[in-house]
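There are structures below to look over.
Both complexes shown next keep chain A, but they swap its partner, so chain B is in the first and chain C is in the second.
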Partner chain A sequence: MRDVIIAELDSPERAVQAARSVRALGYRRVEAFTPFPIPELEDVLGVRRTRLPYLVFFAGLSGAALALLVQWWTNAVDYPIDVGGRPKSSLPTDMLIVFETTVLLAALTAFAAVLVGSRLPRLHDPLFDLPGFERTSLDRFWILIGDAYDDDADVLDEALDLLDGELARLGAVVTRARLPEGRA
Partner chain B sequence: MIRGPMRRGVLVPLGLGLAAGALTLVYALFDPRRALLAWIAAYAFVLATALGAMLLVMVLHVTGARWWRVLRRVFVAAAGTTPLLTLFFLPIAGSLALVYPWASPPPDLPERVHRAIEHQQTWNHPRFFLARSLAYLATWTALAVLLRRADAAYASRPTAENAARERTLSAAGLPVVAFTLTFAAFDWLMSLQPGWVSNVFGVYVFTSGLLSALAVLAIASWTASRRGLTDGETADHFHAVGRLTLMAVILWTYIAFFQLLLVWIANLPAEVAFYWTRSRGSWRAVDVLLVLGRFVLPFVLLLSRSLKRSPIFLAALGCWLVVMSALDFAWLVIPAAGAELAIADAAPFVCVFALAWAYGAHLVYARGSAPASPEDAALDRVRRDALRYRSP
Partner chain C sequence: MSAAASVPPRARADVDPPVLEHEGSHMELTDELLDKVLQPPRWMRPALVVTFLGSLVLFAAIAYTVTTGIGVWGNNIPVAWAFGITNFVWWIGIGHAGTFISAFLLLLEQQWRTSINRFAEAMTLFAVMQAGLFPLLHMGRPWFFYWLIPYPNTMKVWPQFRSALTWDVAAVMTYFTVSLLFWYLGLVPDLAVVRDRARERWRRRVYAIFALGWRGSAHDWQRWRIGYGLLGGIATPLVVSVHSIVSSDFAIANLPGWHSLVFPPYFVAGAIYSGFAMVLTLMIPARRLYRVEHVITTRHLDSMAKMLLVTGWIVIYSYVIEAWSAWYSGDRFEMYTTLVMRPFGPYAFVYWTVIACNCVTPQLFWWRRARRSAAVLWIASLFVQVGMWAERFMLIVTSQARDFLPSSWRVYRPTVIDGTLLFGTIAFFLFLFLLFLRFVPFIPIAELKELKHRIAVEREDGARA
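So, the complex of A and B:
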């Protein structure tokens, strides 16, 4: 079990301001839950662009290499057949399979990497048990401060006070919640 | 009146084009047949570029795209250079017998080619050929002028009727340009090599022209935005141009590859002849250069998001792609007569391209920097959407 601090806000602008204040106070493990994407929030929270494209690119390259290797080996080495005097290993006809395998491997890698990277499939998250959390998909904006965690109750109280004082002017409801371990 | 750097933007390419034109004349005095071949290649290159831009503008109108409105002046000017190209067709029209085998069959033709020429002699009769060419050129000129007028009307009064006018014109023009471009490619380029036919040839010329058009648009948009002639464009707008360029690179490669693959699989002498002539001598190097320079390099570079969002990178890549596109048209035309690539072939390319560029620059600058009146601009919802455009 660990403790987190949660701020609930009622507009995207205030959520961005709140996130900015929390980051300015030095908290680093900050997450936001919003009903729709807010581009500014990504900048404030320091969300980097995904590195997924590089992975997909190299998966595509290996798909192409694999297809070339398999076709060259079957057509020119393992079971060569003379078809009207054409070269045993013919690059133009190989290209179709090369293309298919490139796309297949790239797409499967992208699919799998997005699932793993987003920690899916996950049927339940302890956050869902927090009262009112379902409104983050309707009209509420939640900011979760993860590194307020400390075993020491005094430290946590202090952080709660600090954030409450900082965010109260934005109309935030700041609470403390206890989550089961296992959530980043 | 156009002044200062803008005046230079017209006069420099004009001077360059005229100088290259003089060199082309000298070339024609020494070797008229060879010079005319290069001229046809250069002509087809610039024409396909202008028509590629025209088709692009029409597609953007018909699909209701809005992002490009901030660069519309450049896009419409590129499409609007088509009328000038009618003029450059005159040398070709005047000397058909010099290069087209069907106009004056050389005595040493193989039997197969001879039969093909006889089979096509009604279609390729010089008078019928010229009548068709005139029809194509008249169609494109009319469409270019109408498109430019509709654009100017919308720019001065952004009303719903004027928007509908652009849209209707584009919807009607798209199939017309598609068919005339295909037939012109068959007539002007494919008939240089009688006996060789490819159904996809018209599409090949179109995709090649579209890629070259996007390259030109990338350069011109960068130049125009440096001179403050565009309308609030951001990295997102260039990103859209970059994505379209990547699409065009893939499209051209796809068409070019499948033409090769079908010929390769069928393995018929009449069809293989096209690739046979293009894989001998200096053309072998051009083959490799085209695959690497017009597919591999731009494809890999344009995969990068940050490069696509950089106007100066797109302009630089655009310059490279313009050269590669010119080379593609040289590859398409010059070996058809069994000739090698020569350095002098650059003269007609520079001449036609620079003169068309000067005319396009004139079209961009001539509209001046006077936008719609503020009230009208505020009413222009399309423009407002274009300014707000953010790429995904």
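So, the complex of A and C:
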């Protein structure tokens, strides 16, 4: 188990300001939970841009290669069909299925990568046990400060006081919670 | 006196109506949208029962067709493709608007798409499901459909990939899969909202499973945003490809009236045209019955009507080019089919229905009052759908009914089973659509909150400047 500090805010602008203050205080393991995407918040928290597009690009390429290979091997090598003497392997007619397979593999990969990257699907997350977390999908914005405190109660209290003082002007409700080791 | 009141009324009408008319908090907006799912309206149950009974009629017609053989349909040589393929092309065309609205307009950052995209995507899925039925049934032995997929088999043969029929399989199956993924990925955060807001324990459990454990962290949102945008980018060329490939079924054949280079863009334009009409047909009653006129606003009607006008003109242009290239080809069979047989032959009434519904109806939308009137739009959308169905029928049947040799000419007449299948798929489509309205937040909640936030920021910036 480890202790975290949670600041709850009621508007996206304040959440961005709060995240900025928290980062300015030197905290690094900061995560935000919001009801809708806020690109500004990603910049403030220093979220690294996902490499998902590269993955999708290579998935698309392999889809194209697979389709070309299958069509060439089945129709020109393994079971050649002569249609009025036309070439047995013809790129123009192959291209349609090449395109469709490119799209199919790229889309499947994009979908899977979003889920796997976010460690989904899962039935439960320890965060769901925290009281009030269900409102982060509704209209509340949480800043979760997860920097390690070495189980030192004094350090934690100090941090709590510091953050409370810093974020009070934004109307934040600052509390602490215990989470199992691992994510967040 | 406020600034708005001092503007003369004529000029004010030029200002676009707002995309979203909502002044309440995020919570009020969410609860309002969730209520549609958590407290279904009273008409829902009878509507589900009626459309379910209609679907049973479809299943009965399918059972009869499969057990007896496709001789129960009216098509026979020379008209081998008739109602079945017409319905296939029509339904899959309708599906196009969904992906067009959600993907194309996403890339173009059209704000008005937000409130209607999920609606349109669901329509796509269900329309493609209806479309898929027809080629399956038309095979006569639908249980062998997997012969179209390249798999190592004891017969040691492979599908013929230079045939448009295998392209169709790849296109339709890819289209359905990608549309489903796109729709579901967009839905995940909203299912999480239902999970968090539902009162009953069982409902929370069920939605929790479908929400896949979504948490909405900044990292998750970034990945979701980029993944969703990519899927949109990938789906955009896919939309264009699907109906192009369907049109190749005809264009690579040698029949007069089919063998035409104009077919792919012509089919795609018609597809988007009929799809927008279907979105309007479903959206106008739904926004009224669910009282969401402030979320799906007059602005949406106006934009959709403009899309109908634009795609309608592309369709008209295609008709003109088709006729012109038939004449310019100098080929007497092409000229006969396109310029004589269609407008004056045994199917002349179909041709003139097409002209009346597809070419004349959208001209209404030059007038702003027609664009912003729900009743006018709804009736016009029905006309467009009838017109597009008739167009598919005209293209498919006339060319086969009279090809090169007068000795092989034959007029096609549909049977009762043909008609039952068409109306059955309409009932089944509506049934699936009602299920969607009943169980899924059909207006994107997270995206709408984001839009609301963005509008608020823009307004603030505007006020400051």
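Heads up, the rule we're going with is that the second predicted complex is superposed on the first by the 178 of 184 C-alpha atoms of A that agree within 3 Å, B and C clash if a C-alpha of one lies under 4 Å from a C-alpha of the other, contacts with A are read in each partner's own complex, and residues count from 1 in each chain.
Following the convention adopted for this analysis, a residue touches a chain if its C-beta (ideal position, glycine included) is under 8 Å from a C-beta of that chain, and two chains touch if they have at least 3 such contacts.
All of these numbers come straight from a predicted model, not from anything done at the bench.
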Touched partner set for A:123, first chain B, second chain C, both or neither: second
Does the superposition put A:41 against chain B (first), chain C (second), both, or neither? second
Should A:54 be classified as contacting the first partner (chain B), the second (chain C), both, or neither? neither
Under the stated touch criterion, name the partner, chain B or chain C, that contacts more residues in chain A. C
Return first, second, both or neither, reflecting whether A:90 touches chain B, chain C, both chains, or no partner chain. both
Which partner chains sit in contact with A:115 here, chain B, chain C, both or neither? Use first/second/both/neither. second
Looking at chain A, which of its residues have contacts with both chain B and chain C? 49, 53, 86, 90, 93, 96
Given the complex with chain B, which residues does chain A contribute to the contact? 49, 53, 57, 84, 86, 90, 92-93, 95-96
Chain A - residues contacting chain C, complex: 12, 31-39, 41-42, 45, 47, 49-50, 52-53, 56, 60, 70-71, 74-75, 78-79, 81, 83, 86, 90, 93-94, 96-97, 99-101, 103-104, 106-108, 110-111, 113-115, 117-125, 127, 134-139, 184
Residues on chain B engaged by chain A in the complex (per definition of touch): 257, 260-261, 264-265, 267, 303, 305
Sites on chain C touched by chain A in the complex: 25-27, 30, 150, 156-162, 166-167, 170-171, 173-174, 177-178, 181-182, 184-185, 188-189, 192-193, 195-197, 208-209, 212-228, 230-231, 234-235, 237-238, 241, 245, 248, 446-447, 449-450, 453
